[in-house]
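For reference, the structure I am asking about is given below.
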Amino acid sequence: MTQAQLHAHDTSAMASPRRGEAGTQRRSGHIGLGVLKSAGPIVSLLAMVLVFASLTPNFVSAANLQAILESAAVPAVVAIGMTFVLVQGSIDLSGEGVASLANILLSILIANSVTAHDLGAGAIVVALAAGLAVGALNGTLYAYLRMPSLIVTLAMWLITLGLAALLFPSRQPQILDGGFVGLALHKHLGLSALVYLAVALAFVAFIVERRTKLGRIGFAIGADEALVRLAGVNVNVYKVGAFAICGCLTGLAGILTAAQIGVGNPLAGEGLLFPGIAACVIGGTLLSGGRGGVLHSLVGVLVLVTLRNGLVQTGANPLLQKAIEGVVIVVAVAASTWHLRRKTRVVK
Amino acid sequence: MTPALARMFPSIRSAGDLLRACGPAIVLVLVCAAVICIAPGILKWRAINALLFDAAPLLILVIGSTLPVLLGCIDLSAAAMASFSAVVVTLLVPEFGSAAVPLVLLGAAGIGAAQGWLIGRLQIPSFVMTLGTLGLFSGLALYLSNASSVALGAGVAPLDFLGGRTHGVPNAFLAVVAVWIFLSLLLRFTRLGRDIYAFGASELAAYMSGVRRGLIRSCAFAISSVCAALGGMMLLSQTLYSAPTMASNLLLPALVGVVAGGTAISGGVGGLSASLIGGLTAVMVRVGATIAGLPGAAQDVAFGIIILVAVAVTTDRTKIGIVK
Amino acid sequence: AQEKPKTIYLAVGTTSSEYWQEVIWGAQQVANSVGAKLEVYESGFDGQKHMQQLGAILAAGCEGCAFAWFPDSTAFTKAFVERAEAGGAFMTTMWNRPEEIHPWDTASDAWIANISFDGVDSGYQNGMALCKAIGGKGGIAVLKGTPDNPPSKQREIGLLKAVSECPGMTILDTQIGNWGQTEGQNITRTWIARYGDQLKGVFAQNDGMALGAVAALREKGLAGKVPVTGSDGSSDVLKLIKSGDMLSSMRISSQLHGAVAAALAYAVASGDLKIGDLAQAQRDFYLVQTLATKDNVDAMLSAQPNPADFSYDALKKNFWVRSKGQIPVGVN
Amino acid sequence: MSALLSLQNISKRFPGVHALDDIDMELRQHEVLGLIGQNGSGKSTLMKIIGGLHQPSAGEMRLRGSPVRFGSPLEATRAGIGLVHQEQSLIGNLTVAENLFVDKPTDFSRFGFYRRSRMNDAARIQLDKVELDVAPDTLVDQLTFAQRQMVELAKVLSLEELVEGHLVVLFDEPTSVLTPTEIQALFRQVRRLKMRSSVVFISHRMDEVLAISDRVYVLSDGRNVAERLKDETDPDELYELMVGRQRAGSVLPRSNPPDRNAPKRLAVRDLTVPGKVEDVTFDVASGEIVGLIGVQGSGAEAVCRAIFGVEDSHSGHIEYEGRPVRVSRPSGAVGLGIGYVPAERKAEATMKGMSVCQNMTVTFGSDYGYGGVLLSKRRERREAANWVERLKIKTPSLDHRIDQLSGGNQQKVVLSKWLLGRSLRLLVLDHPTRGLDPGARADLFNAIRQLAEDGLSIVFVGDTLDEMVTLSDTILVLRDGRLSQRFDDVQTKRPSEEDIVRAMV
């Protein structure tokens, strides 16, 4: 070779968004600091607990912690499912409809006060399958017809909510299956089966996310789908998979709501969606995909549930609670991602 | 195509492109045709007139929401802003009279700009920022109105105007058209417009090319907020009562309108005319379902299916590499 | 004679609730008995949606039509009735109207009547029942509906009246549950943790939140020990009252609500009734309601509504036979 | 030697572009085939067709004698064809091991769950081949650019174990971002690989192509214009075949040396970028071309970014035209008349999905309008068309999408974005020739030289010593973030390459 090729570039400084972040991780050097940084949401959670605890001593009582965990169980199930979709950089808005549909399906098929059906556990299977089917349909329309997931799932939200209303048998079916309602009633160590179920699901989801191709490729799709396609991966399958998981878990959330209240409700999903997404984002799962994960989202759920609980505990003006919640969401996300700020970072 | 036309619409190179570009309009025409078949009475001027009057608040929200979407952002707070500003206007009218309306519009612009600016400063996703302000605005609206409907004082000229008609055409709709023309010109012929599209296509490359993204984002969100506030005024001019949640449910239809017109949520592709068409489609679908006498729940199902079909037909997938 | 309307238009908040299903049933009986069609419009409590629906119906031309309409919030009432007037149609409204406007002073040629239930009375009676159940002493917590909703406010006024008459009973906390079961459950859970034994009763402004409160209490084995009141008198709640898990609920006749609203609209639209002949008390009135308690719940549960009682002809004898009187001034 | 892969009459049309026109090509067993051609001549397209990313519009492809047609990259991989892309194609948030095997049928999972230890062991074997010492479970994001390039290579090499029989390995400009030592490592692998495979090697550097290839194909305008055996040709002939003109004197000498007393345009004093650059001081006169050079990590790029205001923090003083300035964002720099061509073209310089014209006019288009606010599309199009012609940008029209241009032409569009600015007085170029063909490079250099003579100041970081010496008036050598030596009047007193290298290491 006659030419000496000399490369004057410092690649760690190349500031494409991804690379910029990786660059600093290396520069900062200590692992301890890195862990602390990704622990931003946990720090916000602890800070919030400290503030509320100092405002009212009741806050950290065992009873209240139980109340927080019980309230977190259903949102956690939703957030776990949502995480699989969000890490791919897509979004699923159909949650409220799907949960409502699963709820009403379950409550008219299990032993109840209105219809004559009694499928027992079969009702749970049917409701879960409905969630799974809607999720898979969402994913299929999104991936194969290349329609934005936001709009596909928005439409599906309306459709499933409408179906739930059409299935509603004009009176709220009271669930008579004692075993099923017992899920929410029987306590072990002060917590209902729902809490344990949520924890177990989180564990399984974590393994799936870290240890399976579905989970790993999901992250890759979120980071750069074009590259994943270039690598010859059948991206669409993984997309459908993620939406199916999300649909199934959202359906499960609707089922669990039925267990908690003991009656079927065609609007059971109301109020699950935006808090679910907010929880994921607060926990550090980026809407643009590729970052975060199940554990992050769980922290986010705890932040939101704790906040709501704390506002009630401290007697904040109920009319202003929404406003306070809004500000806290913004501040929490800003604080926990502050260290990621770069001039060349792109956040949409 | 003539060269001049080709220059005006550079992206249209073949018949297929043309069809795709017209997709949303074709869908709108088909939906209208279907509605007319169901209820020929709708063709009467009075009926059209009434529809336009009703549609105006939604249309203005659709137009406003388009700008953040063109950036690849999203403004979830628009509907809450509409309710909030309606409440604030009714509260300010006893004090300021007609001046309350421009005051509130100005305030909305400021708040919107601040919102856009904060997204950049704090580097948080617009989804999160506006989800936060959605909570903030609706909370404040509840608090300020003490959770009640407030009657609008008499003699507020701008609102009387919005509620009235000129030569039989609802002024609210004329206002929508005026805003649409103004913003379309802004997008097409000014530097701001070019920068908005550049930002949407690639924020990083635009930034490295000297585009002032903080400024651009502030402008887009300010416009979105002002349009939302204007929507709130239109609604107020119809109801004459403000309520802290009166427009909250417009959030999703507005988004549907934006996307049904073919504007990509990933940014950089689409425009206001597309949104206007999309918004009208959303309105006509609702009207059609109502007139067809579908039961409420089935209306939702039908609406959902039509959105799916409309978007499946209208999304220009060639321009968006990756659909998210 | 005027032409008889072929259709009765009914607007409801949602079809996914027992209350509204009964309203629809009541209106359906009226429609059936006169051979008209009942068209139901659902808004999901989105006033804009009802506006568009009304606009679409009127746009297609609807002179002399009969509307039994639910304004989603008071903010929309005036717009609805004025539109009905502009379109030459007739309208009865349910529940929501701003305090200062009435059928005789606003769009009076179209707005036939406003029919509601006495929220203050509901709050008061439930409050007094609660007072008695806790022995006149102790703290209760209040679950409110959506904050800008008139019935929610009225029920709160009624409760405050009861509290003033029952000085030992104090309100520990008031939270907004937005009429929802899950929210009611979560808030009640937090209350149990916060107040422990201090929490002697829960006043829920509707049955949905009451169900949530009972579910939260049940988790702690407190159902039946801490009395809960609701409002609406839905069938699940009646069962809970019977089993002792709940204390009381204001039972309103939703079938009657729908039937009277539809029948009055039809009566005027078909010329059987002249708006000008109606007195104020006939145009702005409450329907009767009964507090459901353990004592009368069996009768309520076994009573099946008889379609014949809701036929147009049956109602026409006297539309106001179940009226509880004119809505007082300054209330809505 | 028999043909392993043969292409007959392959054509490829994109809307508006005839990228390949009736190509015949034969790849024999155990050979390295060099492929050269100007930017946009269709090299990458050809590779993508072989690799299963594109389907040919016409023509036939035969592998081991039997016709094949690949519907996806996966099918090509299964047939033993591996492609190293021109733009990097690793997935940042997967581990090295996952990236190595993501496109291959493997048995590293059971019931959908990964067996990580197995996968990592297999990965280590591949990494050893390219002498890359990173843990297989490192995230790719945490590697340097060059390390990633080696992983790409390992990814292709891992086909060896997974596919039976002879392989086809395609390298699309693998060396443009590698250091000499890394290039040597790559070449060793290629030579080893020859034992059981055939290789196609694309580069714009003639000497590299000749060093590694047995045969060279020359493409021009999507057509195959020449074929040479390695021993029968030399760089100059190849250059001529490819560019269509003589190499000698391709870059004009400076007609008049820069004025020593010209006013200072930029004065950088004690510039420090934490962790990258320390106390760097230098001046740039108007009309001067300053070349920055140093080995990888020496901080030259950070200096450029700091001048343009995109480094997150820096200290020191920067004077611009005699006034101290604080540039904290690109828009500020542009306002001062400073432009910057970043090294990462794909992410930082091109707006995907936008047209060539839109990309060119984004920064200075409004200068051609009215009052800096209203645009005049007619006038700015005329100006854009002008630069398309001057830089010989190969595009069907001004309205063609930039991401559908070849890499080199994209780079030219990026350059013209800045050249459009009448107020531009300082242009900072970060590896501007990366991916350019030799002819284009000469065109570019001539354009830069011309601009400098018209008074534009240039700071540039180059790819090779050769181009530094060809173009610069002053060369600044950086070592470990500090200025280690400076060579003045380069055009009159050419420093020897040895001198420069000594200052760098």
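The letters A, B, C and D name the chains in turn, as written, and every chain counts its residues from 1.
The rule we apply is simple: contacts are C-beta pairs under 8 Å (C-beta built on N, C-alpha and C of every residue); 3 or more make two chains touch, one makes a residue touch a chain.
Because the structure is predicted, anything quoted here is derived from the model rather than measured.
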- Contact-richer chain pair (by C-beta pairs counted) among B-D and B-C: B-C
- Item | Centroid distance [mean C-alpha coordinates] between chain D and chain B, Å | 43
- Quick one: report the Å distance separating chain C from chain D, using the average Cα coordinate of each chain. 72
- Would you kindly tell me how far, in whole Å, the mean C-alpha position of chain C lies from that of chain B? 35
- Whole-Å gap between the CA centroids of chain A and chain D: 41
- What positions in chain D touch 2 or more of the other chains? 310, 329, 347-348
- Item | Junction residues of chain B - those touching two or more other chains | 142, 147, 204, 207-208, 295-297, 299, 321
- Message: Could you pull out the residues of chain C that touch at least 2 other chains?
- Response: 14-16, 42, 147
- Chain pairs satisfying touch are A-B, A-C, A-D, B-C, B-D
- Query: Taking the complex as given, what residues does chain A use to touch chain B?
  - Reply: 16-17, 89-91, 141-142, 145-152, 154-159, 161-166, 225-226, 274, 277-278, 281-282, 286-289, 317, 319-327, 329-330, 333-334, 337-338, 340-341, 343-348
- chain D to chain A touching residues, read off their complex: 52-53, 72-74, 76-77, 85, 89-94, 98-99, 102-103, 109, 112-114, 116, 139, 141-142, 144-146, 177-180, 183, 205, 207-208, 211, 275-276, 292-302, 305, 310-312, 329, 343-344, 347-348, 430-431, 461-466, 478, 497, 501, 504
- Task: Enumerate the contact residues on chain C facing chain A in the complex.
- Result: 14-18, 21, 25, 42, 144, 147, 173-176, 178, 180-183, 185-187, 189-194, 196, 208, 211-212, 215, 218-219, 234-236, 239
- Which of the residues in chain A come into contact with chain C in the complex? 56, 58, 61, 63-64, 66-67, 70-71, 74, 113, 164-165, 168, 170-172, 174, 184-185, 187, 192, 257, 260-263, 265-268, 270-271, 308-309, 312-313, 315, 318-319, 321
- chain B residues touching chain D in their complex are 7, 10-11, 13-14, 189-192, 194-195, 197-198, 201-202, 204-212, 268-269, 319-321
